[in-house]
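Following are the structures in question.
Each of the two complexes below includes subunit A, the first together with subunit B, the second together with subunit C.
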Partner chain A sequence: MTAAPSPSRFATLAEGVGTSVFGIAETVGGMGLLLGRILARLFPPRLDYPELRRNLYKMSVKSVPIVIITALFTGAIMVIQAAPIVKRLGAEGLVGWAAGFGTLREIAPLLTALMISGRVGANNTAELGTMVVTEQIDALRALAIDPIAFLILPRFIGITVTLFMMTLYADALALLGAAYSSKALIGVEPTAFLHGLTGGLLGFADVANGLVKSVVFGLVIALASCHFGLTTTGGAPGVGKSVNATVVASAAGIFVLDYFVSFLLG
Partner chain B sequence: MISFKHIKKAFGPKPVLDDVSFDVKRGEVFFIIGASGVGKSVLIKHLIGLLRPDGGEIWLDGEEISRKDELGMMPVRKKCAMVFQHSTLFDSMTCAENVALPLRKHRGMKTRDALIEAKNRLEVVHMQDFADRFPSELGDGMRKRVAIARALTLDPTYVLFDEPTTSLDPVSARRVDKLIRELSDKLGVTSIVVSHDLASIFSIADRIVMLYRGKVKLMGTPEEFKAVDDPIVQQFIHGRAQGPIE
Partner chain C sequence: MSVQSRQATVAHRGFVFDLGSAAIDLARSGWELYSVFARTLYFVARGKREKGAVLRQMYEIGNKSAFFLTITMGFIGMILVYQSGLQTKRILPDFTLLGATYLELLVRDLAASIGALMLATRVGAGIAAEIGSMVVTEQVDALRMCAADPIDFLIKPRFIASVIMTTVLIIWAAAVAYVAGGATAYFAFDVPWRTFLNIQLVDHGDLITGLTKCVAYGAAIPIVSGYCGLSTFGGSEGVGWATTRAVVNSSLAIIVLNFFISAAAFVVFPK
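Coming up: the complex of A and B.
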């Protein structure tokens, strides 16, 4: 009797790549289907307003402290990085523009999205995943209540609105942090910093650019966290895996879409 | 009336239900018994469309329901309530909010009115003092009673109980039995009860069906079960460790 031939390294590699590709296709397809089901509940809107209010409070209001800390220090870091070259070139008048340009278009929406993904997206997946494994989703269906309309739609809207609102706060707070660290580090008065911001080099388009990104990032986090939550299997370890998948997929989606949105909006 | 006709269900290669057929009459307390893993819970989940049969038909009040889609099952679910084995109360809501939810969604009641009505419903199961508590603050028996109150909010014609007395102390278990019996006697509610609890089975059942290896082993009244000369049935209803049941 001869032993079965062991698979070659190439076959093993091909199998691994194939499995990964099918896995990604399944996830993207699942998210697409979920998006379709969510959109179908929007026209006409079948929204549970108490559930929306509860989610908005939990997602938005409770996120304010962490956004304040992140945004203030982000603005300050922007100035720390720019300070040596600004001082060397004597371009103190441009520090407002320099900090504002990077913050409004890129840093504030990106870091806020990563913070919200970790705080809200992961929590959303854990909550939905636990509801799946403890049959609470089945219990909703047994009560003739549509889980997508009752549970998912308010969370989807809640996360997207949260990210938009938090990015607005983050924009303002980061610029505040930048203004006061400019005063502390390179002696630029807040009025001069403000002049750099509003002197004509920055416009509404720069703010809008970041806000459009925040909505796109919000959609990614909402879709990923709901999808992985609803597809949880395997009890408590399954919930852990789903939360992990949400954080990874959201972060990857945010960076990939950031590239495309930046490219499209210019 | 409910009719299961030639129901087949498999999970992967493993068949769970294999040609299961029986009827449940209006107003009776009907028990489904059998060893763990025989497919009792799987069977009742088919009735409200949480699972779909691979073959066979399910008739409810003269209508075939096993081919209905999720939207089509909504009226069926309002008519057939289910109390799950682990209660499945919503963790993020208080007991009153849990009971108020179906009233808000299906009776069009405002939140405040639904909560008042929910507290009245909780009184029926002696849980009114715990209306503002969250499920995580309650014991198993209390959660089960709230789950029963929630299932009854829409005044269903049929109630499916999945192991309603499991994990309850004997006093709480007998109270649940009494409630199930009263639902039938006073309100004409039909109850389908999945249970291993021999005390429940022989105190409140009108009829019993026993599943064994995915098929109906025996169907009859408690007296017929006691009288039948079948070693498998006798081993089960006497709870003997030794015998032909694997």
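Coming up: the complex of A and C.
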């Protein structure tokens, strides 16, 4: 190539925008293809049950401590933030409603998803990425073992189930944390808190809303972490980059889908 | 606990053993984290200055996170106003204070905390992956051989850059979330822009709380993730583990700091 003229500022900008658009399209397309391949193995289910059990233990049971810490603190923070508002309205009995509504519909599913994305999703990418760079996936193929059915499907199911169960835990624990911190901060007895929670302003729909979200978030985290894990290239730094890409894509996906699910469920 | 003593007691380990070793590990990580923090502060005051390092990190941490943060904060702004609008409709159908209350919450807590959680995933994972890769490829040992302290050379620029850029990005994030929320209120609940743009509930206490949180989170993210990166061992799997730990621990640090700062603000600035 002959000496190329130095590109103008506009060309550089256009190139940058174009590259990132193609990058996003490639990621979304890759995740869609992966979802198709996973679904093809799900009906009828062809998956490795011992691997599923191992993954469920590693993902769910081992995440319980951070979910407990996150949920208790989150509940307390919700009360601290809601306290001035209910005081202004002069309705301390409403603190259960205010904290419960925010927790059940948004904060508990969202924060649990972010923590699980950090712990389980990132870890899953690191594990798959390491397998890819050390050519273990190729070894599986050479042994005529389908990597999707053996590795990906159990992880996919594992992450989705984990997030659903952890959100149930987080809902309960965050409300517990909220009840006791509202006693400590604004002197509302836990029974009054419970009354505000169950007094008719909140229903099963609010809990269900959060749980539906948790399943959607779980799907996003599972797809993103498996996709970036499988497309890892370039040794140890490559694994780090994949993990980074996973947590960023999961977080962006969680927030964008949260919006649409909120609108759809109303 | 050393490997030998672990193996010696492995025969009669149980719940108490697990609990104890977890507590010892926690205490040790806490101490090491504190030592990284103290040394970073020392080098901020006394260390060697490398030209352009802080600016480079500011670009890495700040400019490259701006797009991601804009998208996520825009969506969270729309969600929050939509959800609280629905509840307001159920309880008292009066939207006049929706914008003012939302802005107060945003300034005092939500912009800083949610924005910092986003930054913890992006920036924290990036720092840990980069430093972790340097550790497993023995570049950090090479630095030590050249008498360059890795904390001075690697963590200090990231620390300074993160404290500055987190504050800047969170102010931007608050603006994005507020405008997105205003648009949602206008289109979904017919709240006029003039009613929504109401700053009467924000006082100096809210501003101080919000800015304190920005600085605290901005300091916590590089320290926690830098520590996770520096304690990497064991090849590419180790880098993955370090990155995971960086994301989880910085997010936990933000949630715990949020609790303490919010509780302190509740006591110091009573409404």
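Everything that follows uses one rule, which is that the second predicted complex is superposed on the first by the 260 of 266 C-alpha atoms of A that agree within 3 Å, B and C clash if a C-alpha of one lies under 4 Å from a C-alpha of the other, contacts with A are read in each partner's own complex, and residues count from 1 in each chain.
Just so we're on the same page, contacts are C-beta pairs under 8 Å (C-beta built on N, C-alpha and C of every residue); 3 or more make two chains touch, one makes a residue touch a chain.
Just so it is clear, the model here is predicted, and its values are computed rather than measured.
Shared-chain residue A:K183: touches no atom of subunit B or subunit C. Using the contact criterion defined above for the overlaid structures, shared-chain residue A:P50 touches subunit B, although it does not reach subunit C. In the superposition on chain A, contact of A:R37 is made with neither subunit B nor subunit C. Touched residues of subunit A, counted separately for subunit B and subunit C, are more numerous for C. Touch criterion not met for A:H195: it reaches neither subunit B nor subunit C. Touch criterion met: A:E135 reaches subunit B, while subunit C stays clear of it.
Touch criterion met: A:A144 reaches subunit B, while subunit C stays clear of it. Subunit A uses residues 127, 130, 134 to touch subunit B in one structure and subunit C in the other.
Residues 67-68, 71-72, 75-76, 78-80, 82-83, 86-87, 90-91, 101, 104-105, 108-109, 113, 117-118, 121-122, 125-126, 128-130, 132-133, 136-137, 235-244, 247-248, 251-252, 255-256, 258-259, 262-263, 266, 271 of subunit C are the ones that touch subunit A when the two sit in their complex.
Within the complex, the subunit B residues that touch subunit A are 45, 48-50, 70, 73-75, 77-78, 81-82, 84, 86, 88-92, 101-102, 104-106, 111, 150, 154.
Interface of subunit A with subunit C (complex): residues 20, 66, 69-70, 73-74, 76-77, 80-81, 83-85, 87-88, 94, 101-102, 105-106, 111, 114-115, 117-119, 122-123, 125-127, 129-130, 133-134, 185, 201, 235-241, 243-244, 247-248, 250-252, 255-256, 258-259, 262-263, 266.
On the subunit A side of its complex with subunit B, the touching residues are 48, 50, 54, 127, 130-131, 134-136, 138-146, 150.
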